[in-house]
Each structure stands twice: as structure tokens, then as C-alpha cells.
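Here chain A shows up in two complexes: once beside chain B, once beside chain C.
This part shows the complex of A and B:
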């Protein structure tokens, strides 16, 4: 009411001027944000594209990464990623199921678990690195290895996986639960056959965020998986991930800039592809559940 | 709310686009009821925490009949309905007194097998609640849970119950497409089929037509009429005309001081034509509620 009166008192020209200003500033902000991304991408592409080739993707690095390729580094990255996901996914999703289905939302236990996950989410990754070094590398005797790196990253992934999956499960209508119960289905069967499939898009989103986090991580791996750039022969070998390789090339290796650019380009393109794939998967999944073929 | 004309829906076939259905093999119609009680409720009370929802309800539901629960919103009809298959267990702080016996077995007794009870007492909700899975899987999943796992057996049950609800003709060539792609009326009939798959004796229906358009609602109502005789049906409805059309017995609930009570229970005709209680008369004539 009051607003309408003042607006009419000011008259339309003033409003139109304000409207236009608001519209333009929104455009400018949007442009700025995409400009940052495009700038980064074009900078990487300009510096790295001539270095990029099939042999760069497949060959082992030479001369501390100045020459050769990133073959062994890609292998280490995939291994670390796999270990982190294999360990963190079942744990995270099971915790989410427990929090949303088995524990009432205002119980003390649920609060404690959720709170500790929030704290875990806020812990800087270098602290995870030091913890992983002390626990996995030294206490469990895994040394500087892909295994201890992957396990450390699994700890880091838990908060993301649990919170996305829990939110997805909670968003499901209660009618799924009550009608499953009315059909005499056990809680476990309801969770496995009805709720988890229905929450798949949320689970995929969590998975995607997790993959992104693992691929981009350096600090937590510095003291756990180490930075040996040889091809790993077992999970107990030290291995250098892509992000570590970029860090090492740009900070410690004079003349490694071109290779660093190329590696970063590979990393960004890989993340974009994974994003795209997961997005497609989630939407087609959703559509498959609602629309006829 | 109640948009349907009494008597408008009597024939078995509707020309709606996707709610057209053909009658299945079950055309027996209401074989009228032997007055043999299947559900016996004795001074049953229900409370959620400190709030008393139902107090001192006693009534019998007779085998093979349709019993309609009528009354204003919030008088505990749905709570009463879901007490019969113990769905109220889901609600925290739920406590009961008195007893409900289904087929001579105390459902709150320690020897009551909940899964068997829910197999014997099926439930259909107000809104269609298919799982976000395929049509086939919606029926297969509860069957598996009740120990029917052999593929041919599952498939034949799926076909039989879909025929029973008149859905087979409409979906037999797309059993593996998503259940949520069906229309509202079809989804509700799928939910009824899903409940029938477990071969229940009793079907509890919580306003099964109120979320559907008049045509789909007529199809479901006709289906309920055809199911009667083979199944004992307890239906909550706000649609008095519907209760009058389909039910054999009616129970009228009312709230007094926020507590749901049973005011009157009797033959449907008696409740509608010669109510014993003045509240019932007022409600039926639209003067109250």
C-alpha cells in the first residue's frame, strides 16, 4: 500500500529509470562472473594448448614435468579418486539414511552427528592432510601412498555426501514411507527399493561435488599421497595427482609453466565433462521417472 | 468440494480419454452382507502425546460389506482408519486403549505379525501414492516383500490385479514405463491394484476419490462397488452422496471438545433416512458440519 502510493507520487519516469539501472547492473554482474571464468579458461588454453597432444596425455613426465606428459599422473589421480569414492560413498549414504530415516529430526544423537559433520566440513584441507599423515601414513603404517591419500580425501568427502543425500531423502514425500509401510514393507526394503532410487538425483549431485573436490585437492594430499611422479605400481606407492602436479610445476619447477597450463587445461576440461555428464544423468533419471518413455 | 451429482455415475463405462476402462472379470456386484463381524472395535481410544484424538469407539465392520466413515474434518476418521492396520505406529507419541480385533486376532497383541496384518488389511490413501518406479515394479515390490519372488507368479498376479481394477487394457503394453506418467485416476487405480496384489481381506480407503476429477472419481467409485463382496471395505468419505450410493453401513463421527467420538453407527439407509441422533440428522441435512 505505502509503496504503491509513493511510487505513484514519484511518477513513472523515475521508476523506469530505476528499473533500467537494476536491469543493467544485473547484466553487468552476470557478465563479470562469466568473464572471470572465460578469462581463466582462455588464459589456460592460450598457454597450454600447443603443449596438448595424445602423447602428452599418455607419456610419463620427464625432467620434473618440463617435458614428457602426464600419463602416470592421470593414473594416480583416477586411483586416488576411486579409493576416496569407494570408501566415502557407502559410509556417507548410510549415514544420510540413518539421519533421515532412523533418527527423529530433533533427537540429540542426530544433532550431534549433524553438528560434527558441519565442523568437519569447515576444517581446512591442510588440517585433513596433517591428520591423514599422522593417522593413515604413520599410525597405520601406510606411508606416503595413494591409499592413505584416498582415505584422507574420503574423510573430507563425508560431510558433502551426507548433507546432500540427507537433504535429498528428506525432500521425498512422506507418502512413500507411509504407503510402503501400509504394504507391509520393512524399513530396509523401503529405503533400498523406494527411497534411495527416488533420491538418486540428490545422490548424483553429491557424488559430483565430491568428485570435483577430490580432483581439485592439493593440500590434503601433500602429506599423504606425496608427489612422486612415477607410474604407481600398487596402491601403496606414492602418486602425484593432477592438481598436485600443477602446484609443483608452477611453484617448484622453473620453466614448467607451459606444462602447468596444459595440465590445468586437462583438469578443467575433465571437471566440465564430469559436470555435464552428471547433470545429464540426473535430468534423464528424473524424466525417466515421471514421463512416459 | 463435492462436485459430483448423485446418480450421475452409475454406468460401468466412461468416455474420458485415459480413464476409460473395461470391466474386468469381477462383475458380481455387492453380494450383500452376511452380518458376520470381521473387524471388532471395542472401546478404542487413541491419543497422540497429550492430545486425545479418539475416545471410546465401539463398532463392528461386517465381512464383505462397505462401511463408510462420515463426519466433519478433524473428527478422527482417518486416524481411526489407520489404526486398523496400525499405521498410527508411525506417529511419535501415539498411544491406544481398548482393542481392535481383525478376524479374531487382537492387532495390538504381542503375537500379531505386523507384516501379515498389513497383508490382510490393505490401504489406499487420499492422494494417489505410486512409488516413482515403473508400473510393474510398483506391484512387484510389495509382492517380493511378502515372499512372492518367482517371475511367472509375479507376472500373473500383476496381470490379474491390473485387470481387477480395469487398468490392464490401458497399460499392458507399457508396464515398464514410469507409474508417475499415468493420470491421477489411473494412479489411484494402480494403488488399489497394488493393495489387492497382496490378497487382502480388508481394504481401508481414505477418501480415495477426493483428489480426482469427477470422471476418474466415478471410475474409482464403480471399482469400489465391484470389489465389494470379495473384499471388506472401510471407506472414509466427505462425499455424503457417495457414501449413500455405495455403503451398506455408515459410522458418523463428530468432535466434542476436540475429541473424536462415534455418534451413530448403523445401516446406511437408516443413518441417511432415519438418523437416531439429532447431530447426525443435522450433518446429513447440511445444517451442521
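This part shows the complex of A and C:
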């Protein structure tokens, strides 16, 4: 109430110029940010497009990446991604089911799990890199390998997978649960045959966000999956992901800018597609929910 | 369908409890991960923490870890300058973006802009760094050599944390009860009067929580900052000076660090993690109120 009173004094017609100034600055800020975004995108697109070709996507890199393509690097990226997902998806979704279906939202257990996952989401990726190096590479003896990089990223993915899946499960109407109970379905059968399929759009949104996060990551992989740009022969080989390739080309390889531009363009396009798909799924899922109620 | 899958739909009670145990183990593992990370960071730092007094990390003469001098203060200053500068720029820009979407733009335009900000949030830090290195650094170099500088780091970080501030501020604005706006409008207040007098005070907590989260992100950001700030261990006297941040230092020296040097980097990582946890707890407390 006090707020409204003081505000009405400020909002007198005498301050019309203030109003106009505020409106202008807000519009200018929006315009500025959009312009910078487009500037960045066009820079990357124009710089990368001439170097981009099918052979660039398929060939192995030569001469430290100055020549050749990114074939082996895409393979390493996909392998790291697969390992991270294979490990993180079951763990993350199981934790989400536990949190939303088996424990009440204010129980001690649920509270602890949720809090520690939120803390995990805030941990900087370089710290994950240190942990991955100490735990997976050295303590478990996996060395600099695709496996230890993938496992490190799986740890980073957990919070995002759990929070999206838990939100999706919680958003399901309770009638689903009571109907399943009325049919005499066991709790586990309800989860597997009713709730998880119904929450699939949320699960997939989380999955896509997770894929984006893995593909964007560099700092956590620096000293877990390593730099080697050869075609990986096993999961215990070191492998270089696309984001890492961009970093290495632009920082350590003089004359690697053209290839770095093209790699950045490939990464950006892949990520934009993944993000747009995730957004589309999320909104269509929300719309479907509203229509159903 | 029900008939053919009878055995699945009506599993024995023991299967149900077994699944519950699996779920318990999975969520326990997820929750235990933070402790495991803290434990390993601590275990790797311990040899050095045992040997060296904690105060020496800011009172030693310089950062020459191989010779036993562990002064992290210049890099701490680099981290704080870069993060502080980025927050200083990104906070007004982020809040203005949220206001634009919520109160100024048409729903369609606002939706497009919001999506653009979300896309900005999804761009990898290495791409921000690459763009900063190939575009911003040469521009700053023309203005004032050497280009790779605190200023470049601040600008790149601003772009990176702006979406966090804008999206959390927008969420806070949307959570306000509509009655506030209606009553304020009924009092004849102007749009800016409503925003300044009602909306911003009421959404203050949510916006602050977002800023604190963004601060955590700015402090922990590694690759983009490493690529544009020049990485000289020194106190910056102007924004055109090259600096090195704590996180960048870990990424730069970890590949060849051995023994106590390596432990010193883990101490840095532990400090970063504790700092970010402290910031997160503050944000969570503010967000809850």
C-alpha cells in the first residue's frame, strides 16, 4: 500500500518526459541486444560458410586442424554425448520419479536431494573438470579418455534432467494416478505405463537441453577427455569434441581461424536446431496441457 | 492390451519394492554427487593445505607455484573485476529486457525477443570466446592496444550473463499478482510510475536472486574469459590491461601442473566451488522470501 501511495506521487502527469525516457531506453536496450546477437551470428555465419562443405564434415583433420575436416571430431563428440546420456538418463529420470511420485515435496529426503541437485547445477564447469580428472581419470584409472569425459559430463547433466523430468511428472493431473490405482495397477506399473509416457514431452525437452549442454561444454573436458584429434578406436582413447576443437584451433593453432569459424558455425547451427526443437516441444506440451484441463 | 500385459500390470509386491529401492539408490547417488565432488577437491588440495597456511594464498609475494609462492590475489582481483564489470553492465540491460517483454512490447514482439534471449543463453561459452577473440579483441586493439584485456572479458561476460538476469527478472515480473497492476493503473499512474513505484519494488527479491545466480556464473566462467583477457597475472590498473581469472588459471596450468602446483589449482577450484555455493545459498534464501 505504501508503495502505491509514493508511486502515485511520482507518476503525476508532470513526469511525462520521464515516462517517455523510460520507454525509449527500454526499446533501445532491446534493439541493442538484438543487434549484437545478429552481429555475432552473421559474423560466425559469414566467416564459416565458405569453408563449409561435405568433405569438411566427413574428412579427418590434417595439419593440426588447419586442413582437412572435422570427421573424427564429430565421432568423438557423438561418443562423449552417448556415454553422458546413457549414464545420466536412467539415473536422472529415476531420481525424478522418486522425487515426484514416492516422496512428499516437503519431506527431508526430497528436500536434501533437490537442494544438492540445485547446488550441482550452480557448480562451474571447470570444477567439474577438476573433479573428473581426479576421480575418473586418475582414481578410477580411466586416463584421458572419451569414457572419463562422458562420465564427467553425465554428472553435469543430472540436475537439468532431474528438474525437467520432475516438473513434467508433477504437472500431470492426479486423475491419471487415481485412475491407475482404481484399475488395480501397481505403483511401478503406473509409473512405467501411464506417467512416464504421459510426461514424454517434458522428458524429451530435458534430453534436448542436456544434449545442448554436452555439445557446448569445453572446460569440463579439458583434462578429462583430452585433445587428441585422431579417430577414436575405443572408449578409452582420448577424443576431441567439437567445442574443444574450436578452442584449440583459435588459441593454439596459428592460421586455424577459417576451420575454427566453420566448426563454430556447425556447432551453433546444431545447437540452435536443438534449442528450437526443445522450445517448440515445451510450448506445445504446455498448450496441450491447458487444452486438456 | 490389458489382458496381454497382465503380468506387467499386476507385478508382485516384491517387484514394486525392488523398483523403489532402485529409485532410492539412484536419487541417493544424485544427491551424493555434490559431496563426492567436494571430497575429491578437498582430498587433492589437502597435501598443500597441510603444508601452507591458508593466509599465504593472498600474502605470498607472487604466483610462482613451482618455487613455492602461491599468491592468488591478482587472479582473485581479475575474477572480481571481470565479474563485477559484467554485472554492472548486464544488470540494467537484463532488467530493461525483462521490462520490455513484460510491459512495453506487443505479445508477439515480446515473445520473439524472449526467444532470442533464450537462444543467447544456449550459445556455448567457447563460441562467445571465439567471437570475442576474432571480433572484439581487434576492435579494442585499435582503440587501445593490446586488445586482449579486462574490457574484452567484461563485454563477453556481459553477453553471457545477460540472459540469466533477463529470464529470471521476467519470471519474477510474471509472478506478480495482476491486481497490483490493475490497482496502480486505476490510481492513474503512468506506465513508468507503475514500474518504478509498484513493479520493481514488488519483484525486487526475484530480480536480486537472478543477479546473484548470474554473479555465480560470471565468477565460474572459464573458456570465454580465458580466450579474450590475455591471461597476464597482474592487478589491472585500467580496463585495457590484460588480466587472468582464477578459473582461467586452472584451465591454463592444469595440463602441466604436478605435485604442490596441482594441489594449488585444486585449492583454487575448491575456493570457487565454495564461493558459488555461498552465492547460491544467498540466492535461494532471497528467492524463498
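Annotations
The definition used in the following text is that the second predicted complex is superposed on the first by the 237 of 293 C-alpha atoms of A that agree within 3 Å, B and C clash if a C-alpha of one lies under 4 Å from a C-alpha of the other, contacts with A are read in each partner's own complex, and residues count from 1 in each chain.
Assume a contact is a pair of C-beta atoms (placed from the backbone, for glycine too) under 8 Å apart; a residue touches a chain by one contact, two chains touch by 3 or more.
What you are looking at is a predicted structure, and each value in this text was computed from that prediction instead of being measured.
In the superposition on chain A, no contact is made by A:81 with either chain B or chain C.
Applying the stated contact rule after C-alpha superposition, one finds that A:70 touches neither chain B nor chain C.
More residues of chain A are touched by C (comparison of chain B with chain C).
By the touch criterion defined above, A:177 reaches chain B but does not reach chain C.
In the superposed model, A:194 lies in contact with chain B only, and not with chain C. Within the superposed three-chain model, A:146 lies out of touch with both chain B and chain C [touch as defined at top]. Judged by the touch definition given at the top, the superposed model places A:279 against chain C, while chain B stays out of reach. Of the two partner chains, both chain B and chain C are touched by A:185.
Of the two partner chains, neither chain B nor chain C is touched by A:169. Contacts of A:89 after superposition: neither chain B nor chain C is touched. Residue overlap on chain A between the chain B contacts of one complex and the chain C contacts of the other covers 183-186, 189, 193.
For chain A in complex with chain C, the residues that touch the partner chain are 3-4, 6-8, 10-13, 15-16, 18-19, 22-23, 25-27, 29-30, 32-34, 36-37, 39-40, 43-44, 47, 90-92, 94-95, 97-99, 102, 109, 112-113, 115-120, 122-131, 133-135, 139, 155, 158, 162, 183-189, 191-193, 212, 215-219, 222-223, 243-244, 246-247, 250-251, 257, 260-261, 264, 267-268, 271-272, 275-276, 279. On chain A, the positions that touch chain B within their shared complex are 104, 173, 175-186, 189, 193-194, 197-198, 288-293. For chain B in complex with chain A, the touching residues are 85, 87, 90, 92, 114-119, 122-123, 125, 127, 129, 131-133, 141-142, 145-146, 174, 177-178, 180-181, 191, 194-195, 198. Residues 8-11, 13, 15-16, 19-20, 22-24, 26-37, 40-41, 43-44, 92-93, 96-97, 99-100, 104-105, 113, 115-120, 122-127, 129-131, 133-135, 159, 162, 183-184, 187-198, 201-202, 213, 216-217, 219-223, 226-227, 247, 250-251, 254-255, 265-266, 269, 272-273, 276-277, 279-280, 284 of chain C are the ones that touch chain A when the two sit in their complex.
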